[in-house]
Structure formats: structure tokens, C-alpha cells
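In the two assemblies presented below, subunit A is common to both, partnered first by subunit B and then by subunit C.
== the complex of A and B ==
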């Protein structure tokens, strides 16, 4: 049953963009994939290990700026730059993790919030590197040919498949983690950190590894963001609201589930689009309301409940 | 030297208002073990309350505090009674996320109704030149400072001298024992949340003449508040006061001697250092 569902999912993933020529719908699909990617990587740390980070936008921003700056100043291909963004995000996560994981529970969350604010303020003020609030812009993407055909970067289809590949990577990674010994360590830490320590799990090391892994994926997503939108500024990629939205996706979809972020992202992007037409930034009102309703009445998330109803739990 | 004294004065004045916000956050944490991420939005509501009562009805903010803080006390009690009380047993992580949702909801509702414009409230007497010993004292901030001291003293008396205050402190120390001694812990929780919210709103009202107001102002205030309560030790009222004055000083001295652009960063760096080396707070009174 699970495998059939996964296969159908992958099939839909590949066929979906061919069903419509409307670039707006294609954009929505890309956004669903992008937010799934973010939600899934947040979920690695926040869902499986129960370490709620309110600062994941840091890694998104670092990934985005790395890709952009490597391309603009070193002329490095943005596709390589994207990976560089992931690596740099992971590198930055290492000291952040070593500092913040000396703390537990809500204290950890507060520390990540503080770090994210420091990084945002630095990005905003370090004009020489980031161009400050003015932001960075790419006008053209380097040509790339695939099987003899030049890729058309004006179309959304190539971006769709890149996002789909990234999202598949994150989902497979989540699944692999959930089945591995490492995943069991994370669950043990979430359920009872003292007992986890007592049975010999190096909780700091495991949590730092989870953060680094999660930051790598978010960094990749940041790289994708900069290439897709071709414009970034500190308030677009380092905003606290981005971090909160990642949390929202994982929570609404279902913490510590593989498919949860997909469901969360579908809900989030739909809410955003339905309400964006009516009230400008009004969709955040409904995010907030939705988050409260889900935690109150459906703490295991939409997919967490569905999976139970469909009998998919192990 | 004059600049130094000047920035110390403005640091202490601002710090006193931060203190009120932080005390609200810290007593709620002390009693219920929850970190209320929507606390900044309560300050924001106080600010807008004072702004509208001044703009629409011409009531001076230092008078309208008599309307807004009791009203927000009731709002706080209602939030706890109808929203938070059933979520708290689901664990501290869920509660944290729930208050994050509440914060997002309130801030964006405010954004929807009042737009993101920056507003200011100009009191006619705010420009009066008051220069004791050659130091310029912003008059609105000075009045706010006096009122903040009065309110904090009143709170101190409430906590130390009255039955309700003793019950609140007992619940903070150990809620189970308090319940065994006949304290109605549920009621105390609700009252404490109301008091915390009222303090936040009162600080908002007092801040209005000296600060820009906009619907998402709570975000920056709550992060400052976290810095403060961690500096002072979560759950400790004296710690919150000391931490707030310290942050006020660091910000105003930092703006003068380091850089205006990085003045907020200094506070956060201090915060991280304290978290790292003294997680129970600078004064060792909080719980880590």
C-alpha cells in the first residue's frame, strides 16, 4: 500500500507540469515542491528529533547568497553554486549547533531565533558582501544544453524538474533517516533526552548532525530560490516569517512523517493563493489560525491522522 | 562625558519599559512553564489601543493606560481560559508552536485592519525642553519611566503582600504542592496570564509616544524580551528588571560607541554568550 502510494506520487510528480501550459499553475507547483523541500528538511530536526528551530531561514539565506555571490563574482555555475550553498549552510550549522545544543527545549528555540536575527542583521549591514537591503540580481542564467537541446530558462518547466529532483532527494533522505539507526537516536532524543543520554547516545553530536543535515538541504533550497527568482535581499531570504512557515508546513502536515511535508506544503500554498487574491498579505492570518487549530485538534498533523486512518502505520 | 551620561539616561529609561514587558513574560513562564511567543503582540495591541484612543477621542496615553491595561487583563484571562489551557497539557513544544500561531494570527490580523504603515503619536508636550544638568531628557520617556516604576512597585506589592500574590509565587515554586495546600492552580494560571498580558499592554501604551508603531512591532520586541529574560534568568522577576536595564544600556551605549546599525546585534551576541556560559542567567536565579 505504502509503495503503491509512493509510486503514484512519483508518477504524478513527473506528469504534473505537462498537464498545463498556464505558467501561473506551473509556478504554484514549483512553490509546493519548494515548500515541501523546506518543510521536509525542517522536519528532520524539528519532527524526528523534536528540536524546534525558529531560525532555519538562516540556512536558506546562506544558500541563496552563496549561489548568487559565487555566480556573480566568480562566475561559478549556479547549479554548482546550489551545492556550494548547501555545503556552506551545513558548515555554518556546525558552530551554530555546537552553541545552541548546549540548551534544551524552548531554550534551544530561543537561541536559534537569536542566531537568525544576528545573521539577518549582519546580512543587512554588510554592504560590501551582500549589497545590503538593495539585494542581488541575476539577469541571465548561463546556457545549458541537455541531450543536444538548449534549456529554455524562460520557461518554468526546467525549474519544475529541478525542484522535483530536490524534493525527491529530501523525501528519500527523510525516509532513509526514519528507517535508520540514526533516526532511532533522533526519536529517542525527542521522547526523552535524559534516557537517551543514559543509554549512551551522544545527544549533542546526534542533534548537531541532524541540524547539519537539515541545513544542507535548506541551503540547497536557498540556492534554488535565488536561481528561480533571480533576486534576493536579506528580508526576503533571512526573514523570521520564513522560518515560521517551515515550522507550519511540518506541523500541519505531520511531524516526523515522510509524506507530511508534502501535505503541509499543498495546504500552505493553497491557503496562500486562495487568500492572496482577496487580501494582500492576509494569508498569514490563516496560517496562524490553521496552526492553532491543528495543534489543538489534530496534534499529529493532517498526514499523521490520514496515515493512521488508512492503516499505513508500521 | 556628556554623551556618555546622556546615553546612560536614555538606556535606563528605555530599559524600564523593556522591564515591564519582560516581567510579564517571565511570570507567565514561572507559573505555567510556557514561553508565550504572542507576548509581543500583546504589547502591540496596547500600543494601538493607546494610539487610537488618542487619535479618535483625544485621550492622553498616560491616562488611557487606565482603560487598556484592565481590558487587556481580561483579554489575557480569556486567551488562557479558552485557548491555551487545553493546549498546555499537550507538551511545551506544542504550546510553543501554538503561541507562535497565535502571534502570527494576531499580528497579521492587525496588519489587515491597520495596514503596515509606520505611525507615530506626537504628544504636544513631548517637545518641551527638559534639560536638568545639561542632559536632554525626552519627557514622554521620563513620564513613562515613572509610571513603569509605579506599576512595577504595585506588582511587587501584589506578589509579596496579597493572598493572590502568595498563591502565584507558590504555584511558580511547585504547582503540585500549591494545589495540595488548597491553591486553585487553574485559577491562578488564568490570573497570572492576565497579569502578564496587562503588563505587556501597559508597556505598549507607555511606549507609544516614543516609538514607531506598526502591526509587526511585536516581533522585534519579543526577541528583545527573550534576550532580557535569558540575561536575567527565566522565571525571575528581579532578573528581568536587571536584564532589561542592562539591555537598554547596551543598546544605547552600543549605538553611540560601536555602531547604530549593529546596536541590535550587540544585544543578541550578549544573549548567546550568556546562554552559553551562564544558562541560568547572569544572576544565577533563574531555571535553566
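== the complex of A and C ==
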């Protein structure tokens, strides 16, 4: 059953963008994939290990700026730059983790929020590096040809498949983690951190590793963001609202599940669009209301409940 | 042979000296009881030696190697595992998964770790509850589960913090038998316990703490006749 669902999912993933010529719908599909990617990487730390980070925008921003700056100043291919963004995000996560994981529970969450604000303000004021609030712009992407055909970067389709590949990577990674000893250790930490230590789990090292892994994937996503939108500024990629949205995706979908972030992103991106269209200025009120209803009536998330109803839990 | 040597162990909580200059030895293969009135510092002593709280001063040597200052998980890897006075099972995980997590320490592969967990649960007679959520067990079963978890780390020494607290007489009887079986299988045990009858019956040696100071150290027979011990429990007059 699980395998069939996964196969159908991958099939849909491949044909979806070909079903429409409307570039707005294609853009929405890309956004669903982008948010799935972010939700899944946040879920690694927040869902499996129960370490709620409110600062994941930090790694998104670092990935975005790394990709952009390496391209603009060193002319490094943005596709390599994306990986560099992931690596740099992971590197920055290391000291952040070592500092913040001295704290537990809500104190950890607050520390991540504080660090994210500091990083955002640094990015905003470090003009020489980031151009501050003016932001960075790429006008053209380097040409790339696949099988003799030049890729058309004015079309959404190539971006869709890049996002799809990233999202598949994150989902497979999540699945692999959930089946591994490392994943079991994350669950133990979520359940009871003292007991985790008492059975020999180095809880600081495991949590830092989860953060680094998570930051790597978010950094990749940041790189993708910069290439797709071709413009970034600190408020676009370091904003607290991005960090919070990642939490929403994972919670609405279902914490500590592989498919949860896919469901969360699908539902939230569509709902945000519908509400924006319907309610114009007041749309965030309805979005907030929806969030409250989900948290009140579906605390285990939409997929968390569905997989239980379908009998898919292990 | 001495397995663990604790000397000059001290813990100050602000102005309060919870443990002062505690020294004792734990010999390989023995059952050592650590007793004392409420607030004597027994659990604090456990927390210090197992690394859960930092000591103010003192040393603890496991087979000649210093363990004080290490993280709890590092101390577990060296061979000291503990249970908690207020049980802390992984509540939403199955009994099997609880113990598998401990078995992972020396057995990275899941299939092998689960095998070992099953065998360990057999030892503490929890096999029939293997699929249950740990949070659904009775208190007695949860205490056994914690013992199984500690055993599955292949510890040389088990630190049991009140394994019989809150158990009924039959359960206490079974717990005594379990501790004795664990020792027979080659694991050294130190336990904090308020259940006097039980501790006198199974301990080879007893250390008595009072207000953070060791006031007696000897066989159960000697300790119950020690004037300081009687005074600590019952007051000066009775002594």
C-alpha cells in the first residue's frame, strides 16, 4: 500500500506540469515542491527529534546568498552554488547547534529565533557583502544544454523538475532517516532526553547532526529560491515568517512522517492562494483561523490522521 | 576486585552542601545498598556519579579511569547504566523499542538490536508486554522496563534508584529475585532503596548517608546495629 502510494506520487510528480500551459499554475506547483522541501527538512529536526526551531530561515538565507554571491562575483554555476549553499548552511548550523542545544525545549526554540533575527540584521546591514536592503539580482542564467537542447530558463518547466528532484531527495532522505538508528535516536530524544542520555545516546551530538542535516537541505532550497526568483534581499530570505511557515507545513502535514510535508505544503499553498483571491486584504485572518482549527482538531496533522485511518502506521 | 572507587565526592547547591566528602568502593560482583533518610543525598550521589549533574569536587574512578565530568551518555559507554527514581520510559514507544534503543549502543543493526532487546526483556520477564506502549505499563512493569533498558547497554554496573519504590509485597519479592539474578549473571549492582527488609536481604554491603555524610559502611548485619544509623533514622534518644 505504501509503495503503491509512493509510486503514484512519483508519477504525478513527473506529469503534473505538463497538464497545464498556465504558467501561474506551474508556479504554484513549484511553490508546493519548494515548501515541501522546507517542511521536510524542518521536520527532520522539529518532527522526529521534537526540537522546534523558529530560525530555519537563517539557513534558507545563507543558501540563497551563497548561490547568488558565488555566481555574481566568482561566476560559479548557480547549480554548483546551490550545493555550496547547502554546505555553507550546514557549516553555519554547526556552531548555532552547539550553542543553542545547551538549552532545552522552549528555551532552545527562543534561542533559534534570536539567532535568526541576529543573522537577518547582519545581512541587512553588511552592505559590502549583501548589498543590504537593495538586494541582489541575477539578470541571466548561464546557458545549459541537455541532450543537445538548450534549456529555456524563461519557462517554468525546468525549474519545476529541479524543484521536484530536490523535493524527492528530501523525501527519500526523511524516509531513510526514519528507518535508521539515527532516526530512532531522534525519536528517543523527542520522547525523553534524560532517558536518551541514560541509554548512551549523545544527545547533543545527535541533535547537532540533525540540525546540520536539516540546514543542508534548507540551504539547497535557498539556493533554488535565488535562482528561481533571480532576486533576493534580507527580508525576502531571512524573514521570521519563512521560519514560521516551515513549522506550519510540518505541523499541518503531520510531524515526524515522511509524506506529511508533501500534504502540508499542498494544502497550505493552495489554501493561501484561494484565500488571497477570495478575501484580498483579510486573507491572513482566514489563514490563521484555518491553522487554529487544524491544531485544535488535528494535532497529529492531516497526513498523521489519514495514515492512521488508512492503517499505514508501522 | 574494586570496580568503582568514589572519593571525596562533594556537591554544593548554592549554600547547601548536599553531599560532603563521600568516599566508597564498589567491588566487582557485589550488591551494594545505599540507604539513608529522605533528603540524605542518595539520588544526588547517583546523579553525580552517572554524570547527570556536575560534582563540586571529588573523583570517581571506574576500573582506574576517571569518569567524573563526562556526559551521561559517555559514562554509559564506559559501563555504568542507571534507572530513574521517577520512571522515565519512552512513553509513546513500544516496550520492545524502548529496550532496542538501549541495545543500539553496541549493536548498530536493527535486527540484531531487536533480538538482543527481546532476550533482555525475557530476563526481566516482560516478554508478554513487548508490543505494548511503555506508558501503558503498571509502575512495577515500568521499573522493570528501565532495568531492561539499563541491562541492554551491556553495563558492568547498574545503578538502580529505588527499584522497589511503590511496589506491592509480591512485586518487591520478585524485584529482589531479579536483582539477585542480575548479579549472578555477572553485573554489579548498587541500589538506593527505602524498603529496608529488601535491602537487608539482598545487599552484600550497605552504605548509609545522612545529611550528605556517610555515617556507616558495612554488612547489613553490622549497619542495623550501628548507633549513628539508628540515631539518624529514629533520633538520638532511641540510640
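Here is the rule we go by: the second predicted complex is superposed on the first by the 305 of 314 C-alpha atoms of A that agree within 3 Å, B and C clash if a C-alpha of one lies under 4 Å from a C-alpha of the other, contacts with A are read in each partner's own complex, and residues count from 1 in each chain.
In this text, contacts are C-beta pairs under 8 Å (C-beta built on N, C-alpha and C of every residue); 3 or more make two chains touch, one makes a residue touch a chain.
All of these numbers come straight from a predicted model, not from anything done at the bench.
Peer 1: For A:282, select first, second, both or neither according to whether it touches subunit B, subunit C, the two together, or no partner.
Peer 2: first
Peer 1: Just subunit B (first), just subunit C (second), both, or neither: which does A:87 touch?
Peer 2: neither
Peer 1: Look at A:16 in the shared chain and tell me whether it touches subunit B only, subunit C only, both, or neither; answer first, second, both or neither.
Peer 2: neither
Peer 1: Is A:109 touching anything from subunit B or subunit C once the two structures are fitted on A? First, second, both or neither.
Peer 2: first
Peer 1: For A:188, decide between first (touching subunit B), second (touching subunit C), both and neither.
Peer 2: After superposition on chain A, A:188 lies in contact with subunit C alone.
Peer 1: Is A:306 touching the first partner subunit B, the second partner subunit C, both, or neither of them?
Peer 2: Neither subunit B nor subunit C is touched by A:306.
Peer 1: In the overlay, work out which of subunit B or subunit C sits against more residues of subunit A.
Peer 2: Of subunit B and subunit C, the partner in contact with more residues of subunit A is B.
Peer 1: After lining up the shared chain so the two structures overlap, which partner does A:291 touch, if you call subunit B first and subunit C second: first, second, both or neither?
Peer 2: first
Peer 1: For subunit A, what residues appear in both contact lists, the one with subunit B and the one with subunit C?
Peer 2: none
Peer 1: Across the complex, what residues on subunit B touch subunit A?
Peer 2: Residue list for subunit B touching subunit A: 35, 83, 86-87, 90, 92-94, 96-98, 100-109, 111-112, 116, 219, 223, 226-227, 230, 234, 261-262, 264-265, 268-269, 271-272, 275-276, 279, 288.
Peer 1: List the residues on subunit C that touch subunit A in their complex, please.
Peer 2: 50, 52, 71-74, 76-77, 81-84, 88-93, 97, 100-102, 104-105, 108, 110, 113, 149-150, 152-153
Peer 1: Please name which positions on subunit A make contact with subunit B in the complex.
Peer 2: 50, 52, 54, 99-100, 102-103, 105-107, 109-111, 113-115, 117-118, 121-122, 124-125, 240-241, 244, 247-248, 251, 279, 281-282, 284-285, 287-292, 295-296, 299
Peer 1: Sort out for me which residues of subunit A touch subunit C in the complex.
Peer 2: Subunit A reaches subunit C through residues 181, 184-185, 187-188, 191-192, 194-204.
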